[in-house]
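Two complexes, one shared chain (subunit A), two partners (subunit B, subunit C).
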Partner chain A sequence: MTPPPLLPRRMAGAFALGCAVLAVLPALDLSPYAHNQLTLSYVMIAGALAWNWMGGFVGQVSFGHAAMFGVGAFVAGRLMLDGLPAPLCWLAGGAVAGLFTLPVHPTLRLRGPYFSIATIGIGEVSRVVFTYWEGFTGGATGLSLPVTAVQKYQLYWWALALAAMVALASIVIRRSSFGLRLLAIKADVDAAADVGISAALYQDVMFALSGAVIGVSGGIFASYFVFIEPGDMFGFDRSIAFVLMAVIGGVGTSLGPALGAVVFVVLRTQLLASYPELHLGLYGVLVIVIILFQPLGITGLLGSLARALARRMQRRIFGRPRRTPPPAPGEA
Partner chain B sequence: MALLAARGLTRRFGGLTALDRVDLTLGEGEILGVIGPNGAGKTTLFSLIGGSIQPSAGEILLDGRPVTGLAAHRRVRAGIVRTHQIVRPFANLTIFENVMVAAIHAHRRTTGHARDRVAEVLELVGLADRPERYPGALTLAGRKRLELARALSTGPRVLLLDEVVAGVNPAEALAFAQLIRRIRDERGVSVILTEHVMPAVMSLSDRIMVLEYGKRIAEGTPAEIVADPRVIAAYLGSEAGQGAAS
Partner chain C sequence: MSRFVDLTLSTVLLTGLYATMAYGLGLIYGVLRVVNLAHGGVIMTGAYLGWILYVRLGIDPYLTIPIVGAICFGLGVAMYSGLVRWLPRGAAGGPASLLLLFGVWLVLRNVAYGLFTGNDQAILTSYSTRSVAVLGLHVPLTRLVVLGIGLAIAALLHLLLRRTLVGRAIRAVAQNADSCTLVGIDVNRIYMLTFGIGTALSGIAGVLLATVFPFNPNAGAPELLKSFVVVVLGGLGSVWGIALAALVLAAAETYAVLIMPSYLTAAVGFVLLVLVLVLRPGGFFGHRILA
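And then the complex of A and B:
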């Protein structure tokens, strides 16, 4: 028996084609508005997918990922002010953000809502500490980064590259035997131990990887916005945003959170422009509707639509409904 | 030398001594039955040997080497694997993946080999048809087979079966007994099993240990155990025990 390939050829082809199209888009007279929305979407796609490594694959829902986002942003920002090349600064920010998860690793021994509550604490403590650490973050006045207009325009491709890499990694992790172990831990930590899987080790590794990627996306985000301030970068809103993107797109699916990130960015821009007070309320309603009716978010919705369509075609051709197996929990 | 040995195994939960200085040996290729009334400490004994809880006193040796302090996942790699009375399949994985995820860890070979082993184990326990289904589609007996397959695919030397026959119909129980014997005969796996279904334990076990209130009250061949007055007293009350003794 040969194992299925980690990345089937057709999937890889479609993926490469998609990235190539997105990469040449700016050459096709893209409006500044679309350019901005796409760049932001790429950064958020990377963040949402990395959050999903913890919240979706391992099943530990974090409400504190803004901590790593902020750490990555400020480490990158500081290094850029020291004159280092930007990509190096982002990587360093990611590395520090990944290491930042290690001291909080005892929280991983908590399960379910207890872990989530602990991560709220981590996010808030980070926000307060980094706001008061003026020497590093500039305090409430924040930092202005040396980013030129040309560099800012080029961030489109950097963000796209990051999103593509994280998406690819998500697919491979989800399909690998490593991903299988993560799903086993998500299903039942004790039963996983009974078959020889050390939940502690895998959770630590995934938390650090997830934090590192969020850190890199924080660095690119900071460069794009040029001005950063701890109250915003470490804000609870940011932590919630990662959760929302994943929930809207489909928690635990390999690429669902990417869809969620695009919806989130576009919705947010539209709502902030017309009804600034309303946007959080709308997200709340959206999340309630999704959790009640479609726990796998947009991905689950597309899946049921595809199945309904297939049934209808079948009925039209054969005149009799086909029995379809129910979708498995956690499966995209 | 015994494959597995426990000496003076004790576990206290607060003021309750669930297991009190229990000694145990298991030979290579042996099937040891552990019986006793509800609350006698059978599951506690399994949890201690499996490593999901640590003993208050005493030690556990595998091949003469202590494994007492090892966490559950490390004991699995050392060769001690347990199944649970209440089965716990990974509901989000297919039947194949459930067994696969157990196989890849114990044997650090390439994935290809692990897949062959999984197919083999599924064949052995009788779950080879449609392994792409999810555990939710299985009957209780099917899920118990899955639990057994998952434990087997880790390549155990000592298999701890906690009430694997309980709750299934008599025909299934018989099939399980045959399966357990095959596992021992064909794979050389040593087995410790607890069971409430007496005919199953009596016919399967080479040796039986009886627990009551956390203490070992008797040990011997199935024939010796059914005639032991202390065992009859523990199960049926002391008068019945005295009656049998006189």
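And then the complex of A and C:
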């Protein structure tokens, strides 16, 4: 028996079509506002999906991903100031961010709440250390990156490419046997160990991969905002953002966090414009409602809507399901 | 030499605060196996409650402790019966309970922002700057009071858990909830009560914190981390184990200024956490559950 394909043809086709449409959008007279929102969404889609590799696939909720986001951003920023081409800088930033998780993680190999709280520690410590490491991050004054307006405009496609690659990787990981092993670890570490799956190893690998992708998205984010400052890039609110996007979209689903990222970016812009004092609390309420009523977030909601719709269609076409005996002929 | 005495004194004075912070988290974790991620938010809420009672009604900050405790007890009961109770238990409930209580934290933070803005606040009383002479040293009065209240709370909690029927029921539920149902303990009620007491302790810790340090709605993450370090270090064995662990954390943080720049002391708790988890995952002082 051959295993099911990692990427069914129809799914690949739909995916390619979607990316192509998004890629030609700017040619169709896109408003600067929409251009900005889309670019930002792509960066955040990559970040949210990468967070989900750890928080959703392995089941290890991290509140410290800002550390890798910041490391990626500042490494990329430094290299860009040295005159290297931007894409190379982003990749280098991602690589360093991925490596950054390694010294922290094998010493911990924690599960559940231990991991989550240790990640708060990772985030806080990196924020403090990098804020005071002025030679590298510029301290409280931050760094200004050499990015021209044209380059900034072109970031749309770079960010789209990153988001597409990460989305593709998420689908493939989810459908591969590797993804199944991650699922086994998430469901029961001990049982997974009994069938020869090393939770520690897989966790390390996923943490590093997730950190690397977050690092690359941090680099692109930095280029887009031109000016970066460690207090903000390493801040707790950045870590929170990744958690929120994934939860809103659907933790553990392959593409849910992408939806969550779009919702988050758009909602954030709207809220910061009209009700700046409400935006965190609204997310808090949203998280509570989602966890209690629809743990799979928007994805779960869409799923149940689709099922309800399908039932309705079925009823339309084939009549009511025959739970009660059909009315006798002539009665109606 | 005098610097050494100074640092030792600061250590002892910090211990009461850290221990009180940790009891709230440790009690809930020990009994419900749920890490109250809203812990930092409750500490912040307690700080604001104490502050508003002092500023608006003129009640002495240390006399607000019973009021804040009662309010936070109600908050905890509401959090348990409204939210935590409906989650699945065990491995499946782990990430869910973390995220749920994280949502509560965000809401608390936002409410504080909305009501009191993001500015730093502090409880300043007529005696805030006064100090008393102890062994020839000048000790800030507020810090001494905080230490005393911390010790009193530890003693009360110890008595509650060891000497009362409710305390015995709480310990029994922590050990084996299913058997408790068999002997007629209303487990759900004990969970609710424990969550309430734990939250009340966090709130009281907030008042204590507010009389010594300034605070703002963003406060909470370092407090959560420190409380967790103390709980992990002390294990869930006993009230005094946690007090001892609080002393260790306070000492590590205070003496760290001798070997590293002061801004890095924020990292001390984290490093300690890593060390403990690698060396003694069960905690240094036993890991029986409040038995």
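One rule holds in what follows: the second predicted complex is superposed on the first by the 313 of 332 C-alpha atoms of A that agree within 3 Å, B and C clash if a C-alpha of one lies under 4 Å from a C-alpha of the other, contacts with A are read in each partner's own complex, and residues count from 1 in each chain.
Assume contacts are C-beta pairs under 8 Å (C-beta built on N, C-alpha and C of every residue); 3 or more make two chains touch, one makes a residue touch a chain.
All of these numbers come straight from a predicted model, not from anything done at the bench.
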Point to revise | Overlay on subunit A: subunit C relative to subunit B, clash or fit | key: fit
Review point. Counting only touches as set out at the top, which of subunit B and subunit C does A:112 meet: first, second, both, neither?
Key: second
Practice item. Considering only touches as defined above, state whether A:277 meets subunit B (first), subunit C (second), both or neither. Key: second
Check your understanding: What's your read, subunit B or subunit C touching more residues of subunit A?
Key -> C
Check your understanding: Should A:128 be classified as contacting the first partner (subunit B), the second (subunit C), both, or neither?
Key -> second
Review point. With the two structures laid over each other on chain A, which partner does A:198 touch: subunit B (first), subunit C (second), both, or neither?
Key: first
Exercise for review: Return first, second, both or neither, reflecting whether A:180 touches subunit B, subunit C, both chains, or no partner chain.
Suggested key: first
Practice item. For A:188, decide between first (touching subunit B), second (touching subunit C), both and neither. Key: both
Exercise for review: Report for A:12: first if it touches subunit B alone, second if subunit C alone, otherwise both or neither.
Suggested key: neither
Exercise for review: Quote the smallest CA-to-CA distance from subunit B to subunit C in the superposed model, rounded to whole Å.
Suggested key: 10
Exercise for review: Take the contacts of subunit A with subunit B and those with subunit C, and give the residues found in both.
Suggested key: 187-188
Exercise for review: Provide the residue numbers of subunit A that touch subunit C in the complex, in ascending order.
Suggested key: 55, 59, 61, 63, 107-108, 110, 112-114, 116-118, 120-122, 124-125, 128-129, 132, 187-188, 236, 240, 243, 247, 251, 277-288, 291-292, 295
Review point. Along subunit A, where are the residues that touch subunit B in the complex?
Key: 1-3, 177, 180-181, 183-184, 186-188, 190-199, 328-331
**Study point:** Footprint of subunit A on subunit B - complex, ascending
**Key:** 50, 52, 71-74, 76-77, 81-84, 88-94, 97, 100-102, 104-106, 111-112, 114-116, 119, 134, 150-151, 154
Practice item. Going by the contact rule at the top, pick out the subunit C residues touching subunit A in the complex. Key: 29, 35, 37, 83, 86-87, 91, 94-96, 98-100, 102-111, 113-114, 218, 221-222, 224-225, 228, 232, 261, 263-264, 266-267, 269-270, 273-274, 277-278
